[in-house]
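Two complexes come next, and they have one chain in common, chain A, joined by chain B in the first and chain C in the second.
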Partner chain A sequence: MDLHILDHRLRVTSISKTGLEQYTHPLIKLIFLRNRTRCKFFSLTETPENYTVVLDEEGFKELQPSEHLQVEGSTWLPLNVVSNGNASSSSQSVGVTKIAKSVIAPLAEQHVSVFMLSTYQTDFILVREKDLSVVVESLVEEFNIFREEGGESVPVHSQDACNGLQRNVHPVLIPENQFCVMSLDPDTLPAIATILIDVLFYSNSPKPGASIDQDMECIKFFSFSMIDGYVSLVMDKEAQKQFPTDLLFTSSSGELWRMGRIGGQPLGFGELQIPSFDHLNAACIL
Partner chain B sequence: MSSGYKPDILWSPHHADRYVICDTELSLYRIGPAGSSETKAGALPLSEETAATLLAINSDTPYMKCVAWYPKQEPECLLAVGQANGRVVLTSLGQSHNSKCKELVGKELVPKHARQCNTLAWNPGDSNWLAAGLDKHRADFSVLIWDISSKFSPEAVPAEKVRLSGDVDSGLVVTKPLYELGQNDACLSLCWLPRDHQKLLLAGMHRNLAIFDLRNTSQKTFVNTKAIQGVTVDPHFQDRVASFFEGQVAIWDLRKFEKPVFTLTEQPKPLTKVAWCPTRMGLLATLTRDSNIIRLYDMQHTPMPFGDEVEPTIIERSVQPCSESIISSFAWHPSAQNRMVVVSPNRVMNDFTVFERISLAWSSTTALMWACGRHLYECTEDAGQGVAAAEKDIATKMRERAQSHYGHDTVQVWRNHVLAGGDDPQLRSLWYTLHYILHCSYTENVEQKQQSNKQSLIYSGIKNIVKSSSGTTETRRCWSGSDRQTDVPWYHSEERSLALQLCGWISRGPDIDVEPFLKSLEQEGEWERAAAVALFNLDIRRAIQILNKGASAEKGDLNLNVVAMALSGYTDEKNSLWREMCSSLRLQLKKPYLCVMFAFLTSEPGAYDAVLYESRVAVRDRVAFACMFLNDAQLPRYIDKLANEMKEAGNLEGILLTGLTKDGVDLMESYVDQTGDVQTASFCMLKGSPGEVLKDPRVQCWIENYRNLLDAWRFWHKRAEFDIHRSKLDSSSKPLAQVFVSCNFCGKSISYSCSAMPHQGRGFSQYGVSGSPTKSKVTSCPGCRKPLPRCALCLMNMGTPVSSCPGTGKADEKADLTRDKKLAQFNNWFTWCHNCRHGGHAGHMLSWFRDHSECPVSACTCKCMQLDTTGNLVPSDSV
Partner chain C sequence: MDLHILDHRLRVTSISKTGLEQYTHPLIKLIFLRNRTRCKFFSLTETPENYTVVLDEEGFKELQPSEHLQVEGSTWLPLNVVSNGNASSSSQSVGVTKIAKSVIAPLAEQHVSVFMLSTYQTDFILVREKDLSVVVESLVEEFNIFREEGGESVPVHSQDACNGLQRNVHPVLIPENQFCVMSLDPDTLPAIATILIDVLFYSNSPKPGASIDQDMECIKFFSFSMIDGYVSLVMDKEAQKQFPTDLLFTSSSGELWRMGRIGGQPLGFGELQIPSFDHLNAACIL
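Presenting the complex of A and B:
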């Protein structure tokens, strides 16, 4: 197994629901006008509490500071686990469960907080830049670690270290809605722009055609990310109905996902040993 | 491989006249000659000769990302289209209703997780296999190899699951690929290896180029690189692969896959297409975004990666197929040489043939050869009899002359001009001059051995002889056979007499007797010249007699009688009708000697410009004339002027005036500059009085060049004869090296360039491309840069390093020089067996033959060491 430290320097921010209107301009620019920014890493996730925006420093420049914008202080680096094609691992997938076991658990032992970001294409594990040396030390045993700099992969080595284990237990909530993980040809992004804007920024307004789900067990969740030119969307089935079927890519089996929500309270940064945003895939139903 | 919105172009693999343009739809075109009956009114002109006709359009497959043409003959127009959602659809163009095609058309190959299909490739061996490269997915493979003949649709897909993939006729949908490769990353490009159809080269796997073998998919060979946007195998050299990334192209050798063999110069804009020419070895075409030029890289001379002795030579050039318009894509024609069709973003197509670079080779035997495309042209000099000698190239002339022993007749020196062909007046004059010089000098030698300064005077030419003239007597001579005195002053001195001897008019002796000369001229049939010489010696009767003889001789000109009659009417009365008529009518005479005869008779005494400056008259005759009729003031002035004229014109007749002095070398230099005739120059200068002129570096250069020329013609014996001849005449010339190591390729001595001139890199200048000056390595021939033979033992190329060039050392470094001057350690010397011709470094050979008697080359049974008598001797130091 290889672990790649990607060449992005990320900021994790949160925009409150009420302050969204202040940020629609930069967000639309980041989503739809790719040529106008040099942002290579962008992810927007709507949760019941707020909008979480993860983006690189180029993209971060677009966001004006205000009381509605909460910025996590440190710079985060994305890690990516890839199977290096060895006989043992090429047949089995590199899912979050495997990552949880092989990456997150060792990091938890070192009290390193991580931030999971899953897309249609892959899973990213975000760690704070200052924790990087600890990360490398803890994972160098199991992974070949490479740091990507300007397109080249440079091997990283470290001395090993070990520490005690401490585990927090959090309640898990499983809301009722079913989610789709989908992708999209970036060239066709303009074709769904209005729907996307509608879903992203007007999710609270009543829609005439759609049945408004009053069930409190349902949870508002929508995620959009565009990383290195790859678009990934996570939405519930209700939202998906608004999109044309022929543009979004998904699995031929049409698999759906359920959410397992951990904590359930407004999520702060850096408080949890087990990260907050990997709940999508942890509770796979199909 | 280009995005669906820009048109790409694809040639049919089997029909050389069909291609497909794909952008949002597929359009099949047929290309044909413009204006032929076949082309209809709607044909689009592609070039001056060709036009394209639209045959069919297929717009069934939206969101096209890539297209691949079925490689088999039948069904002929089957295309695989990769779509933005990762599905691969088989479709067809043109109405081919055969059953096999029907079965396949409309078939869809659907991946488990939808994402863009980047690339498609049919297996060249098993045409049922189609490899598709997809974007990455978190839990799926990026390379799927489909079997298009498979009807098996694994699990019955529940109806609601099919919803996402649209309406589906399940018989036509294949969801289970044959092989799945590469997880958790995108595949940007792939190709099957033509050498082994089970092997697949993938680009984009974790920033790798990877080779998978389908027989064992868990094993792969991979190399980490950025150049992963596209890969393509050279059809002519199946281990050579080009891959690109943004503006950079890397060339790989699959046998040595660790790093690129080399990378091409980076382009400022990202590349969109890179394609090997299928009809021409080692030609790679690249196209960058928004560009109107296609760059071509000629790697024909690129060595194998194992031959690392010579740096790769890549010739880069660019072509502009359609003058201003930007090129969207291009495709090489599969069979027509160097031909391609380019398409612009607005679908304007252009048929274009890249003109082949012409390479030229000039042999030492004047044959010229050039290659253009697959044609080889030879241009040789017409060896037929019809060609006038004057039109022949100097090299041809020199070859012929060398074969006829030109220059080697040292007894009858004048005969050399006959050996040279006898048709060049300049050479004739030169060899006669040399003959007279040597003759005079010889008789001088015999008679007055003590007068050495006179000896050298003979060699110094009439110019210097005349200057040293003293004691000139002026006489008025009578017309011979009459006692009438002429009013013409006639000058005489010892030096003038010597000059006349050198001119050949008189032989040695106190009296001026031109009769033998006249006789010899008569024998040669030079009637006019003889008559003129007789007249200048004031013997009108003899002149008239000669003219009469000439008129009555075989093939004689009867007009000479008329001239004789005119001559007989000579009168020295100033105002006579004869004089008046002669001075005006003489200009109409075609023959220069007749003309100057009347000029002489009608001139005022002392004003003989009409004679002296008649350029058609031989220099020696004019000079002899001047020596008789110009006074001491006029003569040197005239000779100087004439000598300078000759020098400027490079006219060998001037050697008479300059002699074999520095002046003569100047004259010869100008002659060689004009003609390149180093042969005559070498032989002429060798005849010079010992020492002086031969020391001139120019003369040495001519001699060396002539020797090299003989070597290049493989006239070894002639060269040896020349060397013998040279050592006889030039005692100062040191004995020359007789054995050389010559290059196997160009035949030149490998030590040649060290001694003569600075080496000029040939590799690039040959093509007219300005490239970095190539440094010549020790282990390559300084003449042609090809590698020298390898040592049979260490297998390294041979070569002896030159540690210091002679002449650069300063005086205070002299102590070190003795050691430095050695070219190389003895251990590095070339050694070889004269019997089997195997060999190597002297050191290695010595140590080998210490223990062996047989040749180190494995298949050779030559007992090299025993053939050598010294081989049986024990070296003295080991006793």
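Presenting the complex of A and C:
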């Protein structure tokens, strides 16, 4: 198997629920107006606690500092595992189960934090840039490691160093709602713009006359990402009903996902953090 | 002729150019998400100086106070002149030339400020609520005056009072660009959402790689209004090129307008203010 260190330098941020409104302007720009930004890696995920935004440095420039924006101090690099020698998105991605066993477990043993980011197209393992040498050293026996640089794949060999942290154990919670993972042609994004804006920015404000049904067994989770021009959406079945069926596509099996949440509250970055639910789901299978 | 005092209580506000970003959230809600707001009268006009937003009290609630939002202190009422006894939008609207002569001139003699708001569908004459008795007294000889109340047209008769102010004279400037006045079915608004968002909120930030062409002979002016479900757009020919031709419609003659601007800077509310260019155009004809 090959492990590719992709050519994006990422920041991991979170916007508070109450602060989202004041980031409407940059977020709409990043989501809908691709020709106004050089951002090539953007991911927005709504969780019950906040909005997690992962984006490259071009995108990060759009976010003005405020009390509502928390920025994790590190630069993160996305890793991608592929089963053949081709790092392009058309190549065979490797399942999450295998990634968990062959990447996350060895890194956990070295106390390296990872941030998993799953999209319709692939699964990214984000590691801190400063941990890169440990990552390479830990994985070089199992993988051919390449670094993507300006479209070229450059082989990487082992380097140095090691760090250490304690790993905690958290309970796993499984909310009731079922999720689907979808994609769409980025050129058809304008066709769902108002629905997406409604769901992303206004779903917390009730519609006039509408009753608020609070189903406490369900969890609020919505994810939008656009990475190298590929769009990925994760939403529950209720949210999906608002979108036209002819534009969003899902895998042929159309499977629905349940979420496993580790702990009932946000995990610190010092811990092994796996916020993307399908990986948790896979972790449950493990 | 009939003069109808419509059943909207309006606020006239302006948002500074630099402050628009922080009003993206409420403005997008008011423009695109009709079922999330009870606002029935909304108008946004970009001028070289600022964004003028006229909206009813339901809409006004959406705008958080800030240093970037200026709110004119009065409540304004929209008047509508119709040539037959029917105030519905299907009735015959009266041309601006006639309005200027029969409404604005008599009110100017009484030193009553008016705010003209032109849409594709009709022309509104906004007067301050506190001036209403003078308005009625000044116009009752020429018009049958009705007050719209919950869908009913109630006849209004003369009342009392008078006020007095000095009227200034300003030079008229005529920029180079040509404007079109258009409408569209509000149900097709989502189809132009991203283009409209781009033009409204992002046209001041250059696209990556695009050169900035500053044509000093042209004026920045864009107007969107949605009043009782009717959409009206005013933009210059350059902006129009960005929109699909099949959704926006214009009058059969498809005439283009030139703008006459009174003074080179914003007029105070104490003066006879006529910001809508086609009325100025008409005023020039006068």
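Here is the rule we use: the second predicted complex is superposed on the first by the 245 of 286 C-alpha atoms of A that agree within 3 Å, B and C clash if a C-alpha of one lies under 4 Å from a C-alpha of the other, contacts with A are read in each partner's own complex, and residues count from 1 in each chain.
Please note the rule applied: a contact is a pair of C-beta atoms (placed from the backbone, for glycine too) under 8 Å apart; a residue touches a chain by one contact, two chains touch by 3 or more.
It should be emphasised that the depicted structure is a prediction, and the values quoted were computed from it without experimental measurement.
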item: Which superposed partner A:Asp185 touches (first chain B, second chain C, both, neither); value: first
item: Contacts of A:Lys29 with chain B and chain C, given as first, second, both or neither; value: second
item: Touched partner set for A:Lys101, first chain B, second chain C, both or neither; value: neither
item: Which superposed partner A:Tyr230 touches (first chain B, second chain C, both, neither); value: first
item: Which superposed partner A:Tyr120 touches (first chain B, second chain C, both, neither); value: first
item: Partner chain in contact with A:Ile195 - chain B first, chain C second, else both or neither; value: second
item: Greater chain A contact set [chain C / chain B]; value: B
item: Chain A - residues contacting chain B, complex; value: 2, 4, 81-87, 90, 93-95, 118-123, 148, 151-153, 183, 185, 187-188, 230, 245-246, 248-254
item: Contacting residues of chain B [partner chain A, same complex]; value: 3, 5, 63, 84-86, 110-116, 135-139, 157, 160-161, 163-166, 175, 182-185, 205-207, 210, 217-220, 222, 224, 226
item: Chain C residues touching chain A - in the complex, by the definition given at the top; value: 21-22, 24-25, 28-29, 32-33, 35-38, 189-191, 193-195, 197-198, 201-202, 205, 207-208
